[in-house]
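A, B and C label the chains in the order they appear, each numbered from 1.
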Amino acid sequence: MGFATRAPAAIGLLLTALLLGAGCLMPKWLTFLITMAASHGLVSLGIVLLMRGGVVSFGQGLVFAAGGYAAALAFAQLGITDALGLTLIGGAVATLLAAPFAPLLARYRGIFFAMLTLALSMVAYGALVKVSALGGSDGFNMGRATLFGQKLPDAQVGYVLYSVTVVMSALLAIAARRCFDSTRGLVTLAVRENELRVEYLGGSVREAMAINFMLAAFVGGAGGALTVMSLGHIDPNFSYWTTSGEFVFVAILAGWQSVLAVFVASLVLEMVRSFSSLYFPNTWQLALGLFLLFVIRFLPRGIGSLWFRDKP
Amino acid sequence: MILSASGIEKRFGAVVAASGIAVEIAAGARVSLIGSNGAGKTTFVNMITGYLKPDAGRIVFDGRDITALAPREITRLGVARSFQIPQLCTGLTVLDNMLVADACRRNRLSFREAAHRPTALQRADALLARFGLKQHRVRKVAELPGGVRKLLDIAMALTGEPRLLLLDEPTSGVSAEEKFPMMEIIMAALGAAKTTVLFVEHDMDIVERYAERVLAFYAGRIIADGSPAAALASDDVRRYVTGTLRQ
Amino acid sequence: MEQAVTIFIDGLTYASWLFIVALGLTLVFGVLKILNIAHGSFYAIGAYAAASFVGWGAAMKLAPGWSIVAMLLAAAAVAALLAPLTERGLLRFFYGRDEVLLVLVTYALFLIFEDLTKLVWGANPYYVSEPYALFGNVEVGRQVYVGYDFMLVGMALLVGGLVWWGLNRTRSGKIVLAVIHSEEVAASMGVKVSRVYALAFSVGIFLAALGGAFTAPMISVQPGVSVGVIIVSFAVVIIGGLGSIEGAAIGALIVGLARSLAVHVAPVAELFSIYIVMAVVLMFRPEGLFQRIQARKI
C-alpha cells in the first residue's frame, strides 16, 4: 500500500506544514512555481479520477477556464476578494457548468469520450475568444485577492497565495485519497475493469461516471481559481486543447494510483517548462514529448507506481 | 412461488429462442435447466436477469413484475447471476472483487466509507472461506486459473444473500475431475440458506446429483419438467437433449 | 445574393484543403485505428517543406509554374521521409494498446514535431505567396476571386476521386479495405497487415503534407500552424464519421461552409460554430454522418 493511504490526513498535513515552512525560505520564483504546480495539479487530479473509471478527458480546460473566469468575474463584478471564497466559487461554478453534461458524458468511452470533452472545451474557447466584454482573446487582468479581510502587501502576497494554494490543494488531495479508498472509489476501478459485472451486481455505472465528472470539475475549477489569483490574468487559452493536453500529460505521468504523484508530476512539468523556456526555448516541448513517450512505454502506470505497492 | 414466467416469447429473426414458456418455481428449489446449445436456456436466464426483454409474456419475481426492468434493478430486488465465462475485474485482487460485490449489492456506495473497512472485510473473507478461496485473497484475478475464477464469479453473485441465484454453466470450462468438487463447494457455500437456485448444466451426472427438478429446453420450448430421474428418462429429452434415444 | 456566392466559394475553398487533410486523418484511423494528433504536424511540415522547395526553385531561376511541382515534391518528400520513420520507428511499438493510449503517443509526437520544426526552419514566419498568383483571377458576377482557390477545389476533387478509385477499384485498395473491416480476418487470409499499415500511413501523411504544401501560399507558415489544423480536422472526421471517405468530404463541406457563414455573417460564431457542430454530432450521432465504426457508447 502506498504509504500515504495508511494515514492520508497525517501525511498530507505534515507535507503541508513542511511546504509552508520551507516557503518562507524559498526564493519568489520557487514559491510561484510550486503554486502553479499545485493549482494545475488539481486539474490533473480530476483527470486521474476519471482515468480510474477508464476514460481520459481531453477537455478539462473547460472547467479550468470556468473556475478561473468565475473567480476573476466574482472579484471584478461582485466584489468578492477573499482567496478562499474565490477558490470555492471557482470550484462551484465549474461543477454547475459540468452538471448538465455529466449524465451525457457518463455514457461515452474511449475516443468518443475524449473527443466530446475536447469539443466542449473548444466550444468554450471559441465563445470566450469572441466575447469582448471578457477581453476577447486577450482576456483580462485580475486584481489582488485578500485573505480573511486582510489586504496583502507586495512583500507577502506571493507567500500568502502560495500558502492558500498549498493548503487548499492539500485538503483536496486528502479528500481525493479518501475518495479513492472509499467504496465509490473501488467501484470506479471496477467500472474500468468490467462494467457489465458492476451492473449485474447492482451498481450504477452511469451514476459513478457522472459523479466522477462533477468531482473532477470541482477540483478543476478550484485549480482554475487558484491559478488566476496567482497569475493575475485570465484568457481563453485556459480552455484551449493544448492546455488540456498538458493536464493529461501530468495525469499520465503520475498514474492513477497515487495522489501525491499527481502533484509531483505537475511540479516536474512546471520545472521543465520554466528551465526550458529560460535556457532551451525551442526544445521544451520536445523534452515533454520524449518524456511522455518514455513514460507510456516504460512506466505505463505512471511514476506513482514506483512507490505504490498494491494493496494487501 | 418465488419466480413465475408465463407466455414468454422471444425470437431473434428466424430463430425461436423462446415459445410459450410458462413455469413456476418454488422458493428454495434447486432447478437445473438442460438442453442442447441454442435451445433457449441461456436466453431464459438472460430474460430473468433483465439482459434481454421477452417479446411477449411476463416474468414475476416474488410478486413483482420484473419483465421490463433493467439488470441493475432486478439485482437490487434479490436476483443474482454468475456467468458462463466469469465476469471479473481482472486487474483487481480477489478481495477487491468481493468488496466491489459487497458495496454494490448492499447498495452502500459512499465517499466516506472506506472500501477496506473491517465489517466489509469480514463479510468478504467469510464468503471467500466458504468457497475455499481465502488463500487467493490478495492475488490479482488475472493470475488465477479458470476454476478459481468460476468460483469467485459465483462467490460474488452470492454476496448480499440473493434470494434467487442463477448459475450459467457453473462447471463448464472446468476439468472433469474438478466438476463434482466444484459443485460440492458451491452447494456447501449455499448451505442451509433458502436460496432458490437455477443452474444451466450440460453434465447429466451433475444434474442428477444436485437438482431436485429439471427443466429441459428444446427449440425454445420446455419439453420436460420434473424430477431428474423422470425428465432424463423421457423420450423427448432422450431424443433432443442427451441423444440417448435409439430410433 | 452576391454575399451568398462569396460565402459559398470561401467555404468551398476552405473545405477543399481541409478535405485533403481530413481524408488522410480518416484513412489512418480506418486502417491503423489511430487518431493521429500529429497529423497537423505533418500538415505544417508539408507547408514548411513547400516554402523551402519553392524558395529553391526561385533561387534556381525556374519558371513560376514549377512551384506547383515543387509543392508536390515537398509533400512527397515529407511522406517518404517521415512516414516510415514514424510508423515503423515509433508507432508500431504501441499497436494493439488502448486507442486512447495511441492518441497520447501521437500527442507526444506532436509535441516533438513542434520543436523539431522550429529547430529546422526557425521561429520566423515564411511567406510563399508567389504560387498564389499562378492561376490568375476569376470573375464571378461582380466579385473577383483568386484562381488558385478554384484550383484547390479541383485538386480536392481529384484527390478524393483518386483515393476512392484506389481503394475500390484496385487490388491493393481492396486489400486495404479488407484490413479496415477486419484486420484479423485479412491477416488470416495471408495479407501482410504491416505492409498495409505502412502504405496507409504513408498515404495519410502525404495527404496531410499535400494539404499543408498547397495551403502554404495562402497563409504565413509559422510555428503553431499545426495546432489549429489538428483540431479542425478532428471536427471534420468526427462529423463525417471516422474511417469514411464520404464522411471526410461531407464533414469538410459542413465545417467549411459553417465557418464561412460565420465569418461573413456572424463573426462572433466563427470559432465555436465548428466545435458546436462537432459536439452536437457527438451527442446525437457519435458515429458521424457516415457510420463506419460503432461508437463506444453505453
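Just a few scattered comments:
The rule is short, and it goes like this: a residue touches a chain if its C-beta (ideal position, glycine included) is under 8 Å from a C-beta of that chain, and two chains touch if they have at least 3 such contacts.
Note that the structure is a prediction, hence the values are computed from the model and not measured.
Taken together, chain A and chain C share no touching chain. When each chain is reduced to the average of its Cα atoms, B sits farthest from chain C.
The chain pair sharing the most C-beta contacts is A-C.
Among the chains, the centre nearest to the mean of all shown protein C-alpha atoms is found for A.
Averaged Cα coordinates give chain A a centre that lies 33 Å from the centre of chain C. Inter-chain centre distance (chain A to chain B, centres taken as mean C-alpha positions): 44 Å. Each chain gets one centre point, the mean of its Cα atoms, and the points for chain B and chain C are 52 Å apart.
Among all residues of chain B, none touch two or more other chains. For chain B in complex with chain A, the touching residues are 49, 70-72, 75-76, 80-81, 87-93, 96-97, 99-101, 103-105, 107-116, 120, 138, 140, 156, 159-160. Here chain A touches chain C in the complex through residues 56, 58, 104, 106-116, 118-120, 122-127, 129-130, 195, 205-206, 241-242, 245, 248-249, 252, 282-286, 288-290, 292-293, 296-297, going by the rule given at the top. Across the interface of their complex, chain A is touched by residues 35, 90, 93-94, 98-101, 103-105, 107-112, 114-116, 118-119, 123, 227, 231, 234-235, 238, 242, 267-276, 278-279, 282-283, 286, 295-298 of chain C.
Of all the residues in chain A, the ones that touch chain B in their complex are 178-179, 181-187, 189-190, 192-194, 196-204, 208, 310-312.
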